[in-house]
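In the two assemblies presented below, chain A is common to both, partnered first by chain B and then by chain C.
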Partner chain A sequence: MSARRWVGQPVPQTDIDAKLAGATRYIADLTVPRMLHAVIVRSPISHGVIRHVDTSRARQVPGVHAVLSAADLPDRRFGPYGEDWEVLASGKVRYRGDEVAAVAAESVAAAREAAALVTLDLDELPAVLDAHHATEPDAAQIWEHRPGNVANAFEIARGDLDAGWAQADLVLEDTFTTNRIYHAYLEPVGVMAEHHDNGSFTLTVPTHIPYKARLTYARALGVRPQQIRIVVPPVGGSFGAKYEMLEPLVAAVLARASRRPVRLVYDREEDASIARPRPPFWFRHRIGLRDDGRFVARETRVIGTAGARLFWSPSVLATAIHRVDSLYHFHAMAGSGHLAYTNEPPTTAMRGFGNAESLFGVEQLIDEAAERLDLDPVEIRRRNIVREGETTLHGWHISSSQLPACLDRVAELSGVRERRGAGEGAGERGTTGLRRGVGLAVAHHVSGYRPILADYDGSAAIIRAGGDGRVTLFVGEPDIGQGQATVFAQIVAEGLGCRPEDVALHGVDSALSPDAVGTLASRATTLAGNAVEAAAADARAKLDRFLEADQGEPIDAGPDGFAEELRRYAVGHCGLPLLGEGVHRPPTQMPNAEKYGNPSSAYPFAAHVAEVEVDTATGQVRVVGYWAVHDSGTIINPSTARGQVLGAIAQGLGWALMEDVTLDAGAVTNPNFLDYRIPGAGDLPDGVVVEFVEGEEPNGPHGAKSLAEAAINPVTAAIANAIHDATGVRCRDLPMAPERLWGLLQQAPAPRDREEVTV
Partner chain B sequence: MTAPIRVNGRPEHVDDVAPLTPLADVLRDRLGLTGTKLGCRAGDCGSCTVLVDDVPKTSCLVPAGQAAGHDVTTIEGLVGQPEHAALLAALRRHNASQCGFCTPGIVVALAALLRDAGPDGPTRDDVRAGLAGNLCRCTGYESIVDAVLEAAGEAA
Partner chain C sequence: MSVATEPLYLRPTSLEEAVAALAEHPGARPVAGGTDLMIQLRLGVGTAPSAVVDTADVLELHGVDPTPDGGLRIGAATPLRTLLGSPATARYPALAQACRLLGGPQIQAMASLGGNLANGSPAAETATPLLVHDAEVEVAGPGGRRTVALTDLWLGPRRTAVSADELIVAVTLPAPTSGTTSAYHRLELRRSVDIAVVSASVRLTLDAAGTVADARVAIGAAAPTPRRVPEAEALLVGATPRAAATAAGAAAREAASPIDDTRAGAAYRAAMVAEVTERAVHACTDDSREDT
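After this line comes the complex of A and B, so read on.
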């Protein structure tokens, strides 16, 4: 590999000047002539039969152009996973917040006034407000096509489990719960819809999976996918929430009915009330080990909450059940679980995607096993982690791994081996005082996931380099604020011979951009990055051929001469811009009927250590130190990569200690930033250490693989293990908020508080 | 409202606006200054921070009538002022923004923080305290703190 000029450099983000200057225009900043404002009328009850929706008074409010309920729409059910989405609820309402009617008016105020005049005649039904109760015989039925309220189920088994348990010298089993987390992006959800005279729509939507969303929306609107143009504006944060949303459809039917463009922008309370949070999970994890610390078997049972409709929770469930088998060799496993429908806000994907949830428990059990077997936490992991070149239990091929080096490095930086169990801080365990402890956790993730889209798993890119020297890149994977535009610009610059700042990533537009699987499953840098690299090489080869023919010799004038090269190319082609196309077909496999097969191009790894200070009088935990060492292959931009890790640690810390979407009778009780606190600058430790152990991932562009989800996956477990080290208390439920930890500290001063199962 | 609001040095006559209209809405909807973002409309997130007579305020909570006769500086006005060039350059070098939605409000708050810091400049704790009114979900704040200290060091 020749020396790289731009890949590996901490270049400023190509779009940062606009962001710093407030010039980036998000959906709420966009207006079009004749635009109307939409407001949704929501169900005030958790479960009920819709007798009648009276919109007559609402229609008379001045400035109102459309008021719709399900009675005005064709009876259509659709959705990403089941037939359980409707544009507006028909027949029944299924959660407090279910969309029942919608208004479009000249102003938000008029739309609100009209919405308040829509009267709902509802017959209340008993509500299901607990995933465990949902599947009991006496629970109310939420969907007729899913008797028993089982929305989705997943089961997998591999290896000889009986033989595995028979070899076990130590078996540890416990229950862990993870909670609803609000993505808490700073930009509330917003969309715009335009309906055109030929029956087509333009939907401006901050989605990360425009291609798949378009298929869903076409079914919903009863049009062909080609009749929907999706334009992705700058996205003010998502973290999984804005994959595929219902809101564009509400705006679309209002635009069709009013024959006017319609914008729908939530305020924070509405956004956080429907929330669509991370699904809460109940885990029963069981692992078996020999006394040398080697794992021999595991079983996991998972129950999750889908809420009233399925968004992306099914994939999250599957991940929570079986992804950990590609971090450790358990040799034999069985995992099963289901998602229950409840009369609560639907849940969906969030960064970490079930893997983070699973690891919260597994990494604590492993820590406990290390303590029982008198092994250090680094060593027990080293004995069991998957290694580079190995194929795991479910056929996942680990093409690169620097996890062993990450473990060594994080241990060296943090001193976790020496400091664990040192009992730092004042006072004895069980007495009042400040106690310090350190905790280790490791994690992995994927770089793309073959099952997302049946059609293909790869990616495509188009480069347009005009005679004016401007390079525009088209890919179908939207930048959602994670710095992808810059990573792609660096890859283009490397291959094409320009500078990163010469390259603009065009916002995804289904009329211009390639179709694509989208930005999810940590796939964009790896898969789209490869396509971008190929497109740059294609464009450069064309340019070189032209210059050689034109000048009689190959010329590469470098970045300073690049604009002149492009000008000559355009002149020589009567104005045609230089075009490069790139296609990347990854070596992944669609898992077979037994769920066996390698679904991802590459697997990133991380080893984290947290240091906490616990106030045993109050249960308050402060994270006072944090060390994160990552293997994401080649780091394309060390500055933005560091930013991804720091941001993930902040989100993980908020999840571990502060955040919880709370419900009362199906209604979110903390739908604002005062009551739902996310970490502020003062809640985070200063001087977080982030390092990368760079290997070369053979399947990634310039040897790179994914990062930003792997970075949140170990955080809650590292903090939990540190709390245990400080206090002797195991906190198996999230969040580890002061009241919960204080309660545990009161009842369990002894370091061993649970039954040991020895076989 | 009789007196104009001076926005980025220019008197803006918005006499027809109801006095209780949030200043943020006047800036965004009437004056087209959409760099002031609305993240919560409750003063919790700081995305709409502007300077009113040089003091950072969440403009979603400032009634337009109360701003009449006062100087309002938005991100659009602030980025053109030479005294903030070092801050902007440092934020750029540190890639101290990701999705960017909270960024304009943070830049406004930091500009005031640096201006008010003593001759030794702010400490890391000062910067974190100065960001207490601004939420960011992407960055974890560390790159922002690094950038501010670097900018302060250059000014010293």
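After this line comes the complex of A and C, so read on.
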């Protein structure tokens, strides 16, 4: 491959100036003439029969244009995974916060006043507030079409498990739990809906999967998908929360009823109370090893919490059960699990998507196995990881992997091999014992996932380069704040011969942009990036053909001559802009009925080491060092890539040590940033080391593959392993907050007196 | 949820006007930085005030000034950042440490000492440092001025001895006697902008032999109000700090009546009261601490 001019450069984010200046217009900044404000009336109880919803007094409030309950809407059930969504709850309410009625008014104050006047006549039913209890015979039934409250189940088995266990010299088994995590994006959920005279809608929604969401919304609104135009505004972060949301539908029915545009924007408290957190999981992991450290079998049982409705938790469950088989060779496995309906806020996808949850336990069990077998943590992993060119148990093909090199490099940088087990304390002070430890964890992820959309997996891009020298790129994969626009701009610049700053990524608009699978499963750079590369090549080829045929002087001034080239092209085509189109068809397979087949183009890898200092008297953990070495193929932008990893470490550190959405009788008790703590700069160690071992991924644009999710996946396990190294205590539940760790330390023998565990 | 009536906004330019405004508008609340009050207003916590009386232009409520007897008078509306900027504050190390930990720089630029006390939170950052430094508050109302010892200020969670028609004018601290040192220690769940799970302040006056001649111990977020722990103080007097630290911590734990909430369970809080108290005792004699 020829030398790259823009790919691989730390190009500043193309949209950063507007963001820093506060000029980026998010939903809450958008107003349109005649716009109304929406407020949702929510259930005050966890479970109950709706006798009557009285909206008469609310309708009297001046400025109110619509007050709706399920009685005003067609009886329609729909949803991405089950027939368990309704625009407004009918028949029953199923969680504290369930959407029962909605108001549109000329001011937020009037809408709130009216919402307070909606009277709910509810007959309370017993509530199910625990996933384990949900499937017991005495639990209340939440959905009539899912007896036993099993919302979704997943099962998979591969290889000769009996033979595997028979070979095992050491079997380790334990229970791990992961918790509800709030995505804590900067921008709370906000949407705008417009209803047009021809019966169509324009929905302005910060979703990452506009085309898939549109299918759900069309069913909900009783229109054809083409009758919904989806416009994606700038997105102030999502991390998975904003895939498919209910809020656009509430705004849409209000817009239809009021014949006015309707905006619905949550404040932080409502967002954190209602917006769907990461699903909590209970894991029972069992792994078998020979005494040389090679894995021979594993079994996993998983129980997750769906909450009252299914958002994206089913895919998260499947990932939690079987993705780890493409990181390690277990040779034989069986995994099963289910999601329970509960009378709690629904849960959904979040960065890491079940893989991070699974690895929290698996990477701790492997650490424990290394200790028992007297292997170093690098070596035990090296003996079991899936290598480049291999096809895994479920038929996943690893087209590139630098994980062995990442392991070596992170070990070298951190000294984890030498320092683990060294029992480093940092002095005694009063009753304080400060103890240090280091922990390693590795991870992988996907770059796209074939089953997301039944129709196709690939991606398409359109480039419009006008005679004014401006290049506009249209793709269906929205930038959700992660820097996608910049990466695409670099790929366009590389192929088209302009500069990255000449390229603007147009916000996804279903009236303009290509149809698409969307920005999820860490797929945008890899899949859409290929389409963007193809579109740039197509445009460049057209431009070169024209310039060659054109009688003018050849322009060979590089990016400086690009605008002149475009001007001549437009003049030569009576004003037609240069258009490039690109299609990428990835070599992925839809897994078959046995769930066998390669679903992803490429697999990124990561090896992380955390160093912690544990205050044994208080249970406080300080992360004092962190080393992250990644294989994401070619790094298109080292600056934004480093930012992705640093952000993931911060997010993972928060999850590991402090973040927890707490519920009391089904209601979130900490819906604000005082009580729901995310880490600040002071909680991160100085001098976090981030490195990339760059290989060439054959299926990625310029050899690139994904990064975003692989970066969070090892963090909680690395910190857990470091805490164990420091204190001898295994924390198998998240978060490993001071009070929990203090409780474990109270029960544990003093670290130095700890007896060796024998097999 | 109902639409609260907007409170009146009043901006007096003298203490007399401020007191008159409070008398004229029953249910009015004085405001300085508003870092507690404005959030409570927005969330609808407590009774909505009929008016907010902004103290920004009441000069008597501002400033950090020496008193004739060598102590310090801090205007109730003085922002913590101003307080931290005054060299005199360093003579009260526990107070300086607590101010530095309260919120972040933006909050310190707005929040006032008087507001922190008047808000009545059991976890108020500056409460225990002021308790151990024997602070008094000066209160003004329709009946004139009166002085309230800090130990008498709090009646319960969010209830103070300052009546609805009064406001805190200033906080006065006596001069620290020679050989006196103090320290503030808190348990937090993260290092960036947090509220104490529990906290303790300790002031010790040491004699030439390093024995404690006088002691104050106060604990925060561990009882319905910030409070002193005389039992711990008695254990420290006559001993060396190092020898008596653990016992003082245990006494503080005995005196605590912590609650379970989203931040921590009562059992953990109780254990941590002992821990932070003991650490605050050690910090008084620890050469490495920031303020001396």
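Rule of thumb we're sticking to: the second predicted complex is superposed on the first by the 735 of 759 C-alpha atoms of A that agree within 3 Å, B and C clash if a C-alpha of one lies under 4 Å from a C-alpha of the other, contacts with A are read in each partner's own complex, and residues count from 1 in each chain.
Here is the rule we use: a residue touches a chain if its C-beta (ideal position, glycine included) is under 8 Å from a C-beta of that chain, and two chains touch if they have at least 3 such contacts.
Note that the structure is a prediction, hence the values are computed from the model and not measured.
Of the two partner chains placed around the shared chain by superposition, neither chain B nor chain C is touched by A:Gly469. In the superposed model, A:Ala617 lies in contact with chain C only, and not with chain B.
By the document's definition of touching, of the two partners only chain B reaches A:Pro188; chain C does not. Once the two complexes are laid over each other on the shared chain, residue contacts for A:Gln482 go to chain B alone; chain C is not touched. More residues of chain A lie in contact with B than with the other chain of the pair chain B and chain C. After overlaying the two complexes on the shared chain, residue contacts for A:Ser639 are found with chain B alone; chain C is out of touch.
By the touch criterion stated above, A:Gly680 is placed in contact with chain B and with chain C alike. In the superposition on chain A, no contact is made by A:Pro225 with either chain B or chain C.
Of the two partner chains placed by the overlay, only chain B lies in contact with A:Val235; chain C stays clear of it.
Shared contact residues of chain A, touching chain B in one structure and chain C in the other: 674, 679-682. By the touch criterion stated above, chain C contacts chain A in their complex at residues 1-3, 43, 187, 189-195, 197, 245-246, 262-265, 268, 271-272, 275, 278-279, 282. By the touch criterion stated above, chain B contacts chain A in their complex at residues 28, 33-42, 44-45, 47, 74-76, 79, 88, 91-104, 107, 124-125, 127-129, 131-132, 134-145.
Residues 10, 12-13, 15-26, 28-29, 183-188, 234-237, 239, 267-268, 480-483, 637, 639-640, 642-643, 646-651, 672-674, 678-682, 684, 686, 688 of chain A touch chain B in their complex.
Note for the complex: chain A touches chain C at residues 109-110, 112-113, 115-116, 269, 429-432, 617-618, 620, 622, 657-658, 662, 669-670, 674-675, 677, 679-683, 737-739, 742-743.
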